[in-house]
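One chain, chain A, appears in both complexes that follow, with chain B as partner in the first and chain C in the second.
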Partner chain A sequence: MTRTKFAPPMILGLTLFLSTAAAETLIVGLDADPPRLDPALSTAFVDRQVMNQIFDKLVDVDEKLKVVPMVAKSWKVSNAGLTYTFKLNTGIKFADGTVLDAAAVKYSIERNLTLEGSARKGELASVKEVAAPDAATVVINLKVPYGPLLAVLSDRSGMIVSPTAAKKSGADFANEPVGSGPFSFVSRKRQDNITLKANAVYWRGKPKLDGLVYRPFPDGDVRVANLLSGAVQVITPVDPKDVATIQKNAKLDVTTFQGLGFQGVWMNIGKPPFNNKLVRQAFSASLDRDAINKVVFLGTVKPAAGPFPPGTPAYSAAIRVQAADLAGARKKLAQAGKPSIPFTLLTAPGAVNAQLAQLYQAMAAQVGFNVKIETVEFGALLDRADKRNYDAVMLGWSGRPDPDGNIYEFFHTGGSNNQAGYSVPGIDSLLEKARAQTAMSARVATYNVALGKIVDDSPYAFTYFTSNTVGNAKTVTGLRLVPDGILRFYTVDTK
Partner chain B sequence: MTALPAVPTIKRERNKTLRRFTANRLAVAGLIVVLLLSVVALLSPYISPFDPAKQDFAALLQSPSAAHPLGTDELGRDTLSRVLYGARISLSAGLVSVALALVVGTALGLIAGFVGGWLDELIGRIIDALLAFPFLILAISLAAILGPSLQNTMLAIAIVTTPAFARVTRAQVLAQRELDYVQAASALGASSGRTLLRHILPNISGALIVQASLAIAEAVLAESTLSFLGLGVQPPTPSWGSMLNTARGYLQTAPWLALAPGVIIFLTVLAFNLLGDGLRDALDPRGRTR
Partner chain C sequence: MLIFAARRLLAAIPTLLVVTLLVFALVRLLPGDPARLQLGEEATPQALTELRHKMGLDRPVAVQYVSWLGDLGQLNLGRSLQDNTTVSSLIAQKLPTTFELALLSLLIAVALALPAGILSALRPGGALDRLVTLLALSGISLPTFFLGILLIYIFSVNLAWIPASGYVGLSENAGLNLKLMLLPAVTLGVGSAAVLTRFLRSSLLEVLNQDYVRTARAKGVAGRLVIVKHALRNALIPVVTVLGLQLGGLLGGAVVTEQIFSVPGFGRLLVDAVFTRDLPVIQGMVLTSAALVFLVSFLVDLAYGAIDPRVRFG
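This part shows the complex of A and B:
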């Protein structure tokens, strides 16, 4: 802008015209085509990228994962953690022109609780009833105290859909989603694009961008090539090996920031060889987590000790990253009476997975494991993991703002993500106890007790905490780096 | 009548064939490359400077140097050693799958062509059904169904290669069946099996040899393609196709990773094609254009 000051007025006018007319639609490259843009039915992380622009949520989380107001301007927890009373902002309208009030919030949460096939039922299981005593007040009553509730409402469970549109569309709502967010849905072409336009009457003020287009590029090389060519202005995620390529480009920026997720390896405790704790401990001890970070991620992730990444509320320095201990691992295998153990490591396709699998294979081989790598398509991998039809499987988690979302379903008996079939009554009661506690310090103490036992039992070898990575043209400004990895485009502008 | 003086003619014909082949410089070059590759494949454990699976985290993605003439990959493994070992996978995949297809396809073709009737119809329709699918699509589907491994890749390639052999054999048998020497053999009391194996098969072997050498080129390429798509050999076993797949992600930062397997696949396929073309020209004087 400083340079245009000296330019003739006509060129200045033209520049301004161009910048307002052409440059204000941003194209964003994602790693998958969002399957279902319906807050109740969505099960994919990538859905959240798009839905966060279309829908407002009851509350949001900020860069520090603090729960902050959104549709609710304030809230109060009473009745020993059983009653949550939300005061709502007023004057909010859905894209179809109807009003967002307490009744719409009640409808949305109840829809999440009752809709056939809703993936939200688990995280909202503690909800007894939702009431709307007046247009600007919502009261949620719980069956049991549930500390993670606010964090849960900062995600899909807290997204407010237009009741009129949801009733009209029925099962088709995912194809014509209507919310009150800064952008509204225009059209989509499967595997090609999702087009959104700015909500001109957005209650927090019109967004700076005029439009937003999401395009799926499942292949990381293709994604980065599109950023380099200028066909898209923002991509997320960026493959670790492409970070340096983007850094070298003067027109582009790349940002890596701490995420909420973890990655590692499930060991099937239901059958040999991993039904023996010593064997599980030996495999976990054979992994050099620092080397994994350096080799595969070029230092862009953090080695994992447990399910809670540094910088999140439940992180505790008391849970230490396991150092590679080859001698100790060999001794454990000898103790188990099996100095040489063959097993199959299941993994999904992809460059990073292939690299990781071969690294795990080589590291485990040093202590006496003979690892066979089997690559299967991700859907098939999940299916086999759920049926416990595997020896070891590489499977991680995108993470949730509240610690409960990173541990409960993984290590509680019958948990939906408990693919090892881990079941220890003492752990179950600790995880239930942490859920009911409201003070984070008390919850962390409870988690630490549980984690001490879980790490010792080693049904899962934690290897690293995922990072969020965003590559963007330098002209894109105002990106907020929230650890959940979702880019909120309300504040984004292009120069 | 024609059968008796045939012996000296065959010998003379063989000499002529050899002369025609050696006169074709490209074909000889192809043969030399094929022989070289075979030696490399056989001796790879002795001539490779490193273990192809040995990872070296201190030497990731290094450009070509004295220690690593073709550089190192994303896990610090020596690219040269992996290319040398990859020759084993590629050549054995090519040879085994084509040998399998040759045996099965030729047997089917012999039976169809000689017996005829409903059996010919049945085999013909099965072959038609297989040929209705594009070569690669069928190979990919089979490999995907069978599961990713080297054996299954060979089996998939063998299955899609079989129809070509069956077709060629059947056509040749139909032509030969009516010739005097076959009639004579039958008249002298030779059984069907003897007529087929001792009289017809040797006479059509030229066409099959040509078909086989061209099929190997196609099979090597198919193995690379399947491995490139992750349907072939599983890591860390080096295959040129899977090396190329990994290298694709490093085209900007480490182009040598793609160059080595790319060039060697190109050379191998070219060599087998030249060899096949040369053999065709040499074995079939009528097809000669020069």
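This part shows the complex of A and C:
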């Protein structure tokens, strides 16, 4: 393929995708425009899709969520879980030509810890200090043992930025990010495209693609139409209703695989009717989680029992999916002395949300709930959830590789995602204990004790585990299906 | 004429001041905290406090307004809370795209409405009139989002004639730009065309019944000349008013169309800014569109003068 030397990258990307021979540059359709490509400031899931190509991380997770080497080739945990010593790979360069060494790792982690507005401070709160005794060694000392640390470093907290570029760009680093990843940033036009090019001197070998162009399509119908027309070669996510359409197309593939997140309904335990545990249990028992999967998701998700999806380290078969029990639910409402209970279910706009809300409404009606659905825009919904100005609200979680990220902030007193105001001292101490344990088997045992009580208290009705869905042209090969849902394009090729 | 124009322009200043106050107050009435929304799943209390401070949201509202107004006085619209770029550069980047889209769709609307309106006014109640009326009513009632997706399915997915989405600047590659803008412009233009057709039809019918048209006909002026020279010119005055209003409406309609076709324009930016509570961007954009709508109605006033000399001298 010939290229015009003077063409701006955006034209290049578009010309490539408009011509049928666009073999080397892949166009990827996302559901939102990634707002901030800065590992410290990023708060949106979709940022991670792009940043994972631009930045290398200290460690990564594989398809089984096992922590694997990346910039760090090995590590050792010592001092009763308080000291993490990382040995780094050498010969890594940032896209600006500067060297990635222990000092750059130290700089990146400290930047996450100190930058004003950094969203990483919470997950790195256990870090006391970072030291770089030599160019290939990084030592992280903790204030308290923190089991999730490695998993946290496999995400934005572990992304290594070029110190030279970060200092030079200051507040604009998100608009001109420089890392050492398989692709480097070329340009972005807000709401139109983000263009990356292959890093020809990538330390693990040059990627097979020449470039990547990310384009945002917030509407699911538009996203799938672009895949069908060939304007983009990969889209994620795919709406459940479009899965069959893609399957029918001989040139396209669609893959659904287990994600890390969960969805469900918070019940406000601070006011009637859900300040009564029996009423909460009755609502949860009225839900037929299998039917939800079949009707709304056409069988593409898994019914949820707790916060840990099957296939993730903390999943336990001991926590069983609650079967719909209408008679039991009616009995509980009778015990509570309230055979008929009206309440308002708050939800955000969207086809899937609307379907879910109607299904919850119909299911709960069978046992005596009179559910009114109120749809408010997502910003307003978050505001009301935070202020606990609701009866029940549909809110879920995108999920984290380490189990702590799926439970601690939800059910610990004062947790930032504890929208029900759930507060049980026994649960708090169990969650703190699990966080300090390093062996996963010990943590799972602790979580199971906590979950037994949480599920019984039912401040949250878990309904289903989210799936990742990717639609792609069959010519695209080498996509790895990591449960975090992030497509790593380093290994991807086009035929 | 010049004094008339100058007076109209000066009258805009207090209006725009009221708009600043309104938009500032309305934006603050939106439920939801920008810092909370930006942090999303990462909203720890410490991060929230820090981000609110960084965004300047911890200052009293009156102080925020006065400081914004002061910046406005220096033609500084502030910076986006999302990515720290200046609001003016964002608007400068997006506005030409939407302007092009609005103009193209207006062209399409006029190109469809002029012949359709004239033809249906010539024989009211005839078969052609009924067909045009049916099409116009369909055009008015078809929601933009539906028409847009329909066009994508027909022309991009099934026929594969035009890419479903994408954008290239006019100056970068004019041919490709027009190709990519065609579907969005048609989507946006069809509704306007329908409205304009109906207006032109009724306006032309009224004019055709006037005495001077009958006089012209009695004098033996050719039928086509009567329509074009005598009737159409007068029938166009209400149509131009509607056209001006439509242009404002097209800016609004562009919000939906740009979303469907992923055109990175003004409307798409505004939707994004509202959903993320990017206050400086919303304020800057609403103010800019208020100024634009004012400008359009000003131009419409001038156009009256050109079409009807009585307005100019009256």
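Here is the rule we use: the second predicted complex is superposed on the first by the 473 of 495 C-alpha atoms of A that agree within 3 Å, B and C clash if a C-alpha of one lies under 4 Å from a C-alpha of the other, contacts with A are read in each partner's own complex, and residues count from 1 in each chain.
Quick note on the criterion: a contact is a pair of C-beta atoms (placed from the backbone, for glycine too) under 8 Å apart; a residue touches a chain by one contact, two chains touch by 3 or more.
Source: prediction; values computed, not measured.
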Fit or clash between chain C and chain B when superposed on chain A: fit
First, second, both or neither for A:Lys168, with chain B first and chain C second: neither
Touching partner for A:Asp239 - first (chain B), second (chain C), both, neither: first
Touching partner for A:Lys73 - first (chain B), second (chain C), both, neither: neither
First, second, both or neither for A:Asp221, with chain B first and chain C second: both
Chain A as apex of chain B and chain C, Cα-centre angle in degrees (nearest 10): 30
First (chain B), second (chain C), both or neither touched by A:Lys206: neither
Partner chain in contact with A:Asp383 - chain B first, chain C second, else both or neither: second
Most chain A residues touched (candidates chain B, chain C): C
Which of chain B and chain C A:Lys453 touches, first, second, both or neither: neither
Three-chain overlay, closest Cα atoms of chain B and chain C, distance in Å: 5
On chain A, positions contacted by chain B and by chain C: 221
List of chain A residues in touch with chain B within their complex: 220-221, 239, 241-242, 244-245, 291, 294-295, 349, 351, 354-355, 357-359, 361-362, 372-375
Partner chain A, residues of chain B touching it in the complex: 53, 55, 57, 60, 74-76, 148, 230, 234-236, 246, 248-253
Interface residues, chain A side, partner chain C - complex: 8, 10-11, 14-15, 17-18, 33, 35-36, 43-45, 116-119, 121-122, 171-172, 174-175, 189-192, 215-219, 221-222, 225-226, 228-231, 376-380, 382-384, 386, 397-398, 416-417
Chain A-facing residues of chain C, complex: 30-33, 36-47, 50-51, 53-54, 82-85, 90, 93, 149, 152-153, 156-157, 160, 163-168, 172-173, 176, 259-262, 264, 268-269, 272, 275-277
